[in-house]
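Scrolling down, you'll hit the structures one after another.
Paired with chain B in one complex and with chain C in the other, chain A is shared by the two complexes that follow.
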Partner chain A sequence: MAMFGGAYNTIAFDAAKCDGCGDCMTACATAKTGTVDQSRSRIQIVGSEHDGFELALCRQCGDPKCVTVCPAAALTKNGDSGVIEWNASKCVDCLLCTVGCAYAGIALDAGSGHVAKCDTCDGAPACVPACPHQALTYITTSRIYNEVGDWEDLFAPGLAGCQGCNTELLMRHTLRRVGPETVLATPPGCVPGMGSVGFNGTTGTKVPVFHPLLTNTAAMLAGIKRQYRRVGREVNALAIAGDGGASDVGFQSLSGAAERNEQILFMVVDNEGYMNTGMQRSSCTPYGAWTSTTPIGKGSGGMPSQGKTQDAKNLPLIMVNHRCEYVATASTAYMQDLYDKLDKAIQASKRGFAYLHVYSPCTTGWRFPTDQNMEVARKAVETNFVMLWEYNPKDGLEFTRPVDDPLPVTEYLKAMGRFRHLSPDQISHIQGKVVENLAFVKQMAHRQSA
Partner chain B sequence: MEHTKYLVVGSSHAALEAVTAIRMHDAKGSLTLLTRDPHLPYSPTVLPYVVSGRSSPDGIFLRDEKFFADNRVQLKRGTALKALHVERNAAELADGSEIAYEKILLATGASPAIPPIPGIDTVSYHVLRTLDDATKLNAAIKQSKQAVVLGAGLVGMHAAENLVKVGAGVTVVEMAKQLTDGYFDATAAALIEKAFTDNGATILTGSRVVKLAPSSKGVTLTLENGTTLEADLLLVATGVRPNMAYLNGSGQLVLHDKGILVSDSMQTSVANVWAAGDCAQAKGFFTDSKVMNAILPDATEQGRIAGMAMAGDPGLKTYPGGVPLNTYHFFGRHAISVGSSKVPEGAEVVTRFDEASGRYLKAIFKDGCLLGIYGVNEFFDAGVMCQLILRRIDLSAVKQRFLAEPMKVGREIMSKTWR
Partner chain C sequence: MTTAILETPSQTQPAKQKVMLCEGNEAAALGVALARPDMVAVYPITPQSSLVEHVAKLIADGRMDADIVDAEGEHSVLSVLQGGALAGARTYTATCGPGLAFMFEPYFRTSGMRLPIVMSIVTRDGITPQSVWGGHQDAMTVREVGWVQVYCETVQEVLDTTIMAFKIAEHHDVMLPVNVCLDGNYLSYGTSRVELPDQAEVDAFMGVKDVNWHVALDPLRPMAVDPLTGGSGGKGPSTFVRYRKGQCRGMQNSLRVIEEVHEEWAQRFGRRFAPLVEEYRLDGADYAIMTLGSMTGAAKDAIDEARDAGKKVGLIKIKTFSPFPVEALLKSLNKVQALGVVDRSVGFRWNCGPMYQETMGVLYRLGRHVPSMSFIGGLAGADITVGHFHRVIEATEKLLSSPAPIEPVWLNEKD
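Entry: the complex of A and B
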């Protein structure tokens, strides 16, 4: 009996996209029974046009009741794949498993006279590609938990970050992925602030790390990478910089390194301000947001202050216009997407300049409860306030997680305190910008593919 | 004296689920599993298939030695609990040795009940509850030409089917007016009976055996109406009684009636003592009184609750009460029953029967909620139906559709309610 082992891949269903066409059931019946009899499909779409469609499908339970009630030891959880496997030669057709399962995950297949259940087709489920509406996806994020969990954590165990900080997650994941053959640059900001450069003569990382100025990060890192190349050693040159250090005073060196196509990976942790020095605004701070330098109050000269009065600079789009080897935006709420992009960025940085822009909600500076980081990050994407896309010179710009039916931006704004004061006018300004930005990025995506 | 934190007595469904539940919460506390059976854990439910030869006796084990080693469980096979000494938290074993426990689970299940028919101790007969019973019966069945099965419950009917299939003449004698009483109604029972008679078996319902005597063939049975039957193989399958003879001495303090009385967290009346499965008498879902619900799914559920309670798992949800349910496969057909077979006052019974296909459906509703559903050759998801009953979901709005397509509508409600 497998008790909590690793994480497993799973078939996910988006009810909003399903129109009940039944193509998945035909595909399953074909793959499993050699017939097109949908009643024999292991995946069952239930419901109706007016009520919405839903799913009856084995969940490959961690604590499977079908297994516990099987008297013949015919059902077992495969510890590697997570799939609940049915052994035809042991089964005695007693149907007790259909009593145990409360989800109709295992049922009588009248055509064969035996019970049948989904086995995820050995990791390539036939139903998923058959869906014409992408309502079914095969989620393989489990790789992150299993594989990545085994990689070495290259950050010191104790970090001086705020409780619930997204940046720690990002640092640990990123360094795990790039691995020990890395030189790391962390300019002033939250990353060294919470300990990358270490204390009392020891570094906070298990890879060489240095602390450049805000203004010369990309230049210094490019020089170091060139020196390693000259002595014939292959290393990853990685910068983890804040949005302030990248979009304001650090921009000329960043732009220069991108223009020279230096072989480095520049990651920006965008928490939309100078958070570790007391939450000052940066050029990435969005319109209307409270920061300590864009306060809320009476203001002066009869002009009340209502947060930042300018819109944010769209740094990743500016980087696209450098025609870098790779540019992408990412979010820790979409880990699989982030990992895919990290993999591509590492590869691209061996050829030239790779830029990864990660939106990183800040519990202290944005004012939301410490357990809400992922929720805020997810809402940013679900409202299109933040868009996830990637670019390379060959394929152009493509959305990686298009949001067809975005939530109103207020769903995002109300999740945190820095927008609490917004007037209706300000809100409609922000909503207008979301629409405009989307149209702009769509146009770029379109132009590139045309 | 040997000492253990958790002592689990029995090695079947209730006991194994308790072990899993304990280990989910307490990975290290010493755990000893004691069973009088000499084999690795197996289910009594699979035994009819060992009898028929379909399941090989070494392919039915529910756990292997490695499971117990990996989970740090000390397994003692072939070791029976003889007496429970609750005043000093000690279990006395058949060999006279004792194990001191901090907490004990009695998951000793049941054994065949032997009816007090005059002459029964003068004849040889079979029962079916242990693997050794099954291997003996498997050998005997091949020799049999003329078998009699006493009792038309599911155990008896399973055995009768196997006897028919090896070509023996089979007679089933049942006291009640119909077979599989308690799970299936007269219509369903008639369908089951017809399948048997079509295959050459004789079913004598409403018949009582008044005398048993040895004969040259084997056994002579005398029925109440005076007729006699000859049998070369006699199987007694007239029900079960819980194993609780070890409650002598101070164990008497553990309150028991038909079985060991337990609370909604499977605790007995005595501190540090829990009971679960076929030996326990717990709350019924349809009645406030405590009932015997000697079925496999209930044994696993009770075992899990007991294990969680013993380990102090805060995730414990108390027992909602036993719901009778069963699935029965016979001659390639199937019958499923979920819920109360009694029809309380004010309840509504709906049936549908298609003689040509032999499909039969019956459902009992009260105040819009499902109380029970029964089908012959009409498949529906019993686990889903059980949830509809336990959650008391109001089906008034979809009742007609539900009766037409219980499987489809059950799944729809599932996917919207507890998915």
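Entry: the complex of A and C
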């Protein structure tokens, strides 16, 4: 059972698809008032300050201000459905809630003389199917929160990630999903650096956890998994590793374990460098990026030092060429996509090697404000700087979230300080590589699916 | 291949044993099979290759029930076994030379995690110059890393010691990895008569397997293996010291356990090997030469001839090199007035052989001056013959009346 404060199913609005026809309002008014008076609809489509339309609708907030301001306890959040319910017998018609809500999600219904708000029609909102353009969807992303939130958090409270880092959340969600019958390897880097293996005799994790060497994560896990298989015990072998330990010095053991198809789930948290040790360059660091070992300077002989001079190694594509049981890229800005892939990777790891490559922006090392992590992750995908796809030997490679109309890569680059120094030539190099990489993966997707 | 004998019952006493002919690498593989490891990880390297080939064939033929991991390099070989051991597996591998060098990162860690992994080192000289032949340089280079290291003299001793190594490593007072060193070329390929112990007798000798009672990666008893330890604050310094002292204690305990296991082996199987230090014709000797590994055979022949010629010379052989058997060696050194130490490797820092360097520390504890000198021979597969040992004996004898030379004698310098 979900706890109060959780996230729940809600109605999502895609402004780009809305033409303001008002069919949703008619459907709502019909369902809730038996009239076709759009002014009585709980969902209101209003003209935007710019072109297009905006949505005025109850978000069924996790921290609802309308509930807080109500002096009569007439508004409550239903812990099961997540819907904020209005109780007519308690309401004193003071309208404070309409002031408290930032979304205009609760308003006076002149027809009844009381406030009215969306109750999601008991999970089957009338407005959604009424939209002829699919601008409204009844989304289920809250599955993650409601399901996973009920599973035990297998990390200790109080891990010490940098402010604004999403790796801790990623770790917690991943281990919750994989479950307690797990041996967890976290090679040197941010993941143990924030205390998951503990310090001086303590532990930060409720499942068996260890520091492999930076170099031998996959090999050690292979030995563990094989012995449990030998004695007939079902134990998950999970690695949560950084990009440096996977793509550079740990690559040999990673490749060897993949070639032997060891039954391991190997997750790489790619923050594009050795961030835990002070933001040094790895082979996953992108072209042009500042790191502490690719610093910016005037150089010598008229050749300024302008960040990394090579393109990033595409580790997930290399893993595809090992013909692993499952390979996927994911982003912390697209949790539903990530979760679907995590589920598939867990299943695949029972048959053989599964590899999950999660792009994880580093607020400290990439130099962006600590509240911008999801935004940076999202821009990486929206510009095609990062592509989300999955691969298995049977179905080949497929995009899971194709971006057909990408933003210019500058939208991504300008979001952080590590690219601040880029010259126009460098930016066009990066934009060219984005186009080239997309074409390459598309070709691969086409070929392998054929 | 003579492994069919493994299943052949025998009526001989005290233990049922079959006689066969095999090379040292095969003897090691047969010893491994008799010890019944759960997991073997392999990567081939000269002169170890035929050893892991024999192991692979024993498994392929169903004569050995172990999971074999053909890893992509020695670094992963030892890493796979660490994982296996932490999950409760009895584990084995073999390597040498550059393979051991590549393995060094997990090698250092194995003793720190107290994992009772057994690994043969089919000893090989170091590169460069490029060389694929025998020498002790590889094993000597890693002697300060907390592994127990024992050196074999004969093919039979390779077989027997390989089995004993598991029992020593897994003893609860030890819990340390063990290297069984067999000389590349001379023992690896040297073919000799061996007696093969009966499986049931070996099973009784080995007892119950219990390898991860002290440290494990097991969801049934979750723990953090190797949390960040040390630093200058909190519990750091004392915690780190506790780990290191424990390792030193395990090493010292192993000296007693090695003796006990060798004694039990002698009782059960009728073959007695000196566990730490062997004395050969040392009683009544004025001076002694000291050896390690397969060179000892030729050295004993030279000692016999010298004794026949009236020279009062004896021999001290080291079997257990790590931990260095200080007390046992003190007893032997107490009997002599001069000492010549023959190494099959080079100690670059002291301009002498590494065993000589170690022995000088023991000589200091004698409390009296015993003149000594270092001989270096048998590098990169070179032979140390009876003739070479006569030169060693003559030079050592001169120490009784002349000052000891500072420079080592390079036995194969003019070969």
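Structural remarks
The definition used in the following text is that the second predicted complex is superposed on the first by the 314 of 450 C-alpha atoms of A that agree within 3 Å, B and C clash if a C-alpha of one lies under 4 Å from a C-alpha of the other, contacts with A are read in each partner's own complex, and residues count from 1 in each chain.
Rule of thumb we're sticking to: a residue touches a chain if its C-beta (ideal position, glycine included) is under 8 Å from a C-beta of that chain, and two chains touch if they have at least 3 such contacts.
Keep in mind the model is a prediction, meaning the values are calculated, not measured.
Looking at the shared chain after the overlay, A:Ile427 reaches neither chain B nor chain C. In the superposition on chain A, contact of A:Ala72 is made with chain B only, not with chain C. In the superposition on chain A, A:Leu438 makes contact with neither chain B nor chain C. In the superposition on chain A, A:Glu259 contacts chain C only, with no contact to chain B.
More residues of chain A are in touch with C than with the other of chain B and chain C. By the touch criterion defined above, A:Ile318 reaches neither chain B nor chain C. By the touch criterion defined above, A:Val209 lies against chain C but remains apart from chain B after alignment on the C-alpha atoms of chain A. After overlaying the two complexes on the shared chain, residue contacts for A:Ala31 are found with neither chain B nor chain C.
Contact with neither chain B nor chain C is seen for A:Ala156 once the two complexes are overlaid on the shared chain. Judged by the touch definition given at the top, the superposed model places A:Ile224 against chain C, while chain B stays out of reach. For the contact definition in use here, the chain B contact set and the chain C contact set of chain A share no residue. Residue ranges of chain C in contact with chain A, taken from their complex: 38-39, 41, 67, 69-73, 75-76, 79-89, 91, 105-106, 109, 216-219, 221-231, 234-236, 239.
Taken together, the chain A residues at the contact with chain C in this complex read 180-183, 192, 197-213, 215-216, 218-228, 230-231, 235, 252-253, 255-257, 259-260.
Interface residues of chain A, counted against chain B in their complex, comprise 1, 3, 44, 46-47, 51, 54-56, 65, 68-69, 71-73, 89-90, 92-96, 98-104, 107-108, 110, 113. Across the complex, chain A is touched by residues 13, 17, 20, 23-24, 43-46, 49, 54-55, 59-63, 67, 296-297, 300, 304, 325, 327, 329, 332, 334, 336, 338, 379, 381-384, 386-387, 407-408, 410-412, 414-416, 418-419 of chain B.
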